[in-house]
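Each of the next two complexes has chain A plus one other chain: chain B in the first, chain C in the second.
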Partner chain A sequence: MSVIAPKFKLSYFIKSLTDNIFWIIVLLTLIGIPIIMIVLIFVDLPVHDGELVNPFLAFTMIFHPELAVPFLKSIIYSDFFKIAAFPGFGFAALLAAATIFAERKLLAKMQLRVGPFYCGKFEGILQLMGDGLKLISKEIIIPAKADKPLFWAAPVLFVATAAAFVALIPVAPGWVVADLDLGLIAVFAVIGFFPIITVISSWSANSKYPFIGGIRALHQMVSFEIPLILSLLGVTILTGTLSLSEIVHAQENYWLIVFLPIGAIVFFISMLAELERIPFDLPEAESEIVAGWLTEFSGMMYGLVQLGSYIKLYAFAGLFVVLFLGGWQGPMVVPPFPEEIITEGIQAGPITVQIAGLPIVSQEMLNGTLWFTLKTVAVIFFILIPRGVFPRIRIDMLLSIGWNKLIALAFVNMFIAVGLIYAGILGPGGIW
Partner chain B sequence: MANYSQVMLMFGFAVVAMAPALIISRMISPRKRSNPVKFLPMECGQVPSGAGRTHFMMQYYAFILMFVVFDVMAIFLYAWGATLLELEKSTILPIIAFLGIMFGAMAYALNQSKRRDIW
Partner chain C sequence: MTAKLPPGLQLEKEDDKIMTLNVGPQHPGSGHMRLIIKVDGDFIVSCDPDPGYVHRGEEKMAEYRNYITNIPHLERPVIHDSCNILYPYVLGVEELLGLEVPERAKYIRVIAAELNRIVYTLYWLGIYGIFLGHSTMFMWPMGDRELAIDLLEKLTGARVTHSYFVPGGIRNDAPANFEDVCIRQVNYLEKRLRTYGDIFYDNPILIARTENTGILTREDAIRLGTTGTVLRASGVDFDIRTKEPYDVYDELDVHTNVLKNGDSYDRSKTPWLDMLESCNIIRQALEKMPKSGSVRVKLKPNPKGGDDEVYKRVESGRGSLGTYIVSRSKPEPYRLKMSVGSFRNLICLPYLLKGEKLGNMPAVYWSLNYWPVEADR
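And then the complex of A and B:
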């Protein structure tokens, strides 16, 4: 079965190649060109320098980079780029994929295994690509009595909700998809959707293990939402704002973890519970209830849920960095752009090109992104490490931790914050 | 309002970007309907018995009820916390009274939630 081509002949191979090229050309001519025509009729092309961007101009841009830079800038600073690529979905998905690979390697090293090894030349670096191909080519089996529309929608909704969470995290000054005045409240609103989607998927599967797992997930997420919300009250009290960008700006001199270590610890533990990670992975407890609420997901649906949960992990780690570790604040390590780039142009071999508006992104943005990414990766490692260290806890212990201990600690944290303000250490007259 | 719509745009973008993964998977994966056993719910190899959405004892139902109350109260505290820097110091007193009521109610609810016989 695993033999790729038992009757391999070079002539057949070349024939298949030419066949494929033929069909690609035919399909492009019959479908692609009409679609391009329709798009050209209904969509206004970008205007650059009073001139419509046409293929001719695009070709001249290859040889005249000074024409391309403003065009590139207008793309990078557009809303769609923010949503699709940099502070939004693409960045989060990239970090999520890297997290999956790093987690597998890290856990393997902690348990004296090698982990993914054979796929790719170096240390199994292509394992994720192989897994993606495997997942996308596997059959999706849905239980006969399931609620099919809801069951199909649940993984997509899970990824989409995680993406909406990512939209609120500021990565660098001004680089955030949605800069809200009530960003923290919006974060709580988005977090509140995860248990609903979990219960929807587990109910629609119409199977026993997903149902038990879904009920467990509901209990767990719901119990830890209150310590999560209360532990961030101290941050709001000290900074006096609910906007995440403003909270980062307020941490210019001191990170908030210096004043609110208890709140940071409570938030971190609640974060682990909201992410359903060990030691709080009761909803997916594989030794008790198969895979919990993921039991009936197969093929790409499971892949989507996995992608969504790692995007959620990135978003939570980013939120921790924004609230307690100073977000993008850090010493300036990116060297400043040389002045002669703007005044004299770039010397590339024998050619000197003068390009207007060349530093496409500012130095602060590069520096901020660097520091935010470094801190986020550090927090992600702290989230991953407990999986190799701790056992799973019982559900009554989980509820008692959430309702008795963490809530009490969150109130202690709140009174520390109020005390710091009223003692004059922080706030308007203090060292802020 | 434009900012709030961007959250929804991000949500929509993820739906538009991820739905093709399911559609492509459905197109290229094998689909064989030969065996009815294949579409039974997973019960570790046993033939499933009874309905999937079974009734079982939810001993921790009290915590769900508590969440409904205390989640709202926790959010109310933010209205006070966000404006604390502009308020006078004496405004802490009604908040402490509010917290006292909240703590009392929470202690009573936690105490009752331990009584398994009433749930």
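And then the complex of A and C:
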């Protein structure tokens, strides 16, 4: 007896269809519609001359230089652009992609091999695109006993939380998606979501290795959040503010790493642990628990988790720069926008074009972005290096480092900060 | 209900606290075998190794082939160490047939065997590195292996499965410039090997990770019958190259590396020290080797052994490796038995893993210098 699908039953098929429709409706009403409403109500979509920007408007405006510049400005200075492109998700995703490529090449150089080479004309620069296409084209396999809605939700939530983290990082003066007065508290709140997502995904997979990996991740993240938060108290004590932009402004004359080196070290180590990077990659320890909490993810679900973790890496590196390395502060290296173009216009052959609204972005913004990016890349470089040097550590060593050493060091750091204020060197009434 | 499985293979939960993990054969940290591990939280309650996934019946196959045609398939259990795994068989057949091996062939055999030990041990070391999450230690040995593999290719014509040793000598003589190339590459290889100390063996995280894990005391090591690097890491001075020297090992100065603690760190360090010692042995052998002469005695077609039994053993990359041949006046061996070091070392795994943390499992398991294919034969 040969049947194509021997266990096929029409009733099961109809039930699965209705189940799927039910879950789609539930998810749409609970998540989809609120997100659409939030976007429509709270996010200022780009508006030009009282008209919502649309492709038709764009095509009419973009080819006329006198109209194009104000049009571009109205797009760039809208909230929507900030969220989707420049200080927000697009910028972070671009840096994350560059990080993945740099990591692979750097690690290859350390290990005396070539790394990605064939994909793309130059040094395998399109390798990431190839990997992404492969992941998208793969079938997504979900374990039979998995809790499907939660299992589906986990990678999406992971990327979303990482993107929320990115939104808090100020890139240049005024260029931040969400400039909160309590930015540091918001950062802690966002970081607190990652262990929950990890546990959700590992629990919903209903499999042994993800379960062990999820429990390890929970231990690791929760116990390293405490030194992470404590190490930042020094910064808050010295600057007297919780707003990330204010913290950067307070570092105009000096970087806080000069006075709080211990805090910076504690923060850096806790950061490595939060990011699950070698030597703290226990939740994904390959030889022990297959791939840890990522074991059951396949196809683009895995790709999303990887994307999220690299965006998280960028956000942590950016946070380190903002808190200890002076954020966007740095000597002015970008030349000012030439005055004569504004006053006299551009000479194009016999025609002189006067363009209103130049320059599009200010000199300070370009300079700040440049310095912030440079510093972030440097921090990311130091995050990547340990992967080629250290083996993985064990869970008991990890917990002992977190609870015994780092917390004690964080307190020492706090006393240094308080001492600096009492000695009258920093803070209100200090020398600087 | 399904049929009742033997106690070791039961996969159901016995207790709510205890979880059974099936490590392998598709687990990235198992090799061609399965470890049935029961964990209570992060602690291993029991470990039951389940080898046999790559059993190929080499011993039975040997009963249907004559002494010469046995050579290519008997080296298959460990293709990275193919000279050493063939060595005791060849020595045994030579004794059965009463062959006298030329001096030059003996020296070239020793060089090939030591080079093969380096090739095998570097492969083992690479896997040990990646088991501990140290990806640089995976890539470096895999690259440096090429040096020794190139030398063996010059010598034998093949990169891994050499079939180089034959009863009565070696298959073909070394090429003309072999000695110069060999000494140059071995010197460079030794320099590279010493850099492993900086990045791997002196690494504080590695030391903290592997020290005092899976301790095998001297008494237990002897009682459980371990061999090779595992035995020497536990403080027993036992090396067949010095205790029962075969071929020309008695004319060479072989130093045995013995470490005391018997933990995973010492067990992982002994093979590295052995590799450095192999470089020494190769240099000595190249110096003392007769520069010319015959390398193989002529054999009769289809040679027959007498009514005799012979047991020979050598020191392979994984420890003592013996071959027992029973001959009944026929061109084929009546019975052939390989006594391999991997299987002996595997026996102590359940003892070592009991009470360890799950994170130590790969460190202890692979430090036993175990090769799954060899254990199954």
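A few comments on the model shown:
What we mean here is this: the second predicted complex is superposed on the first by the 367 of 432 C-alpha atoms of A that agree within 3 Å, B and C clash if a C-alpha of one lies under 4 Å from a C-alpha of the other, contacts with A are read in each partner's own complex, and residues count from 1 in each chain.
Everything that follows uses one rule, which is that a contact is a pair of C-beta atoms (placed from the backbone, for glycine too) under 8 Å apart; a residue touches a chain by one contact, two chains touch by 3 or more.
No experiment lies behind these values; they were computed from the predicted model shown.
Judged by the touch definition given at the top, the superposed model places A:Arg392 against chain C, while chain B stays out of reach.
Looking at the shared chain after the overlay, A:Thr295 reaches chain B, while chain C stays out of its contact range. In the superposed pair of complexes, A:Gln111 makes contact with chain C only, with no contact to chain B. Of the two partner chains, chain C is the only one that A:Leu282 touches; chain B does not reach it. Contact with neither chain B nor chain C is seen for A:Lys405 once the two complexes are overlaid on the shared chain. In the superposition on chain A, contact is made by A:Ile212 with both chain B and chain C. Put simply, more of the residues of chain A are touched by B, taking chain B and chain C as the two choices. In the superposed pair of complexes, A:Lys15 makes contact with neither chain B nor chain C.
Using the contact criterion defined above for the overlaid structures, shared-chain residue A:Lys145 touches chain B, although it does not reach chain C.
Where the contact sets of chain A with chain B and with chain C meet, they give residues 208-209, 212, 290, 395-396. The residues of chain B lying in touch with chain A in their complex are 3-4, 6-15, 17-19, 21-22, 24-26, 28-32, 36, 38-44, 48, 51-54, 56, 58, 60, 63-64, 66-67, 70-71, 74-75, 77-78, 81-86, 89, 92, 99, 106, 110. Taken together, the chain A residues at the contact with chain B in this complex read 79, 83-84, 88-89, 135-145, 152, 155-157, 159-164, 166-168, 177-180, 184-186, 188, 190, 203, 205-209, 211-212, 215, 218-219, 222-223, 225-226, 229-230, 233, 236-237, 240-242, 290, 295-296, 299-301, 303-304, 307, 395-396, 399, 403-404, 407, 411, 414, 418, 421-422, 427-428. By the touch criterion given at the top, residues 107, 110-113, 208-209, 212, 278-279, 281-282, 285-290, 387-397 of chain A touch chain C in their complex. Touching chain A in their complex are the following residues of chain C: 19, 21, 27-29, 42, 129-140, 143, 199, 203, 205-206, 208-209, 357-362.
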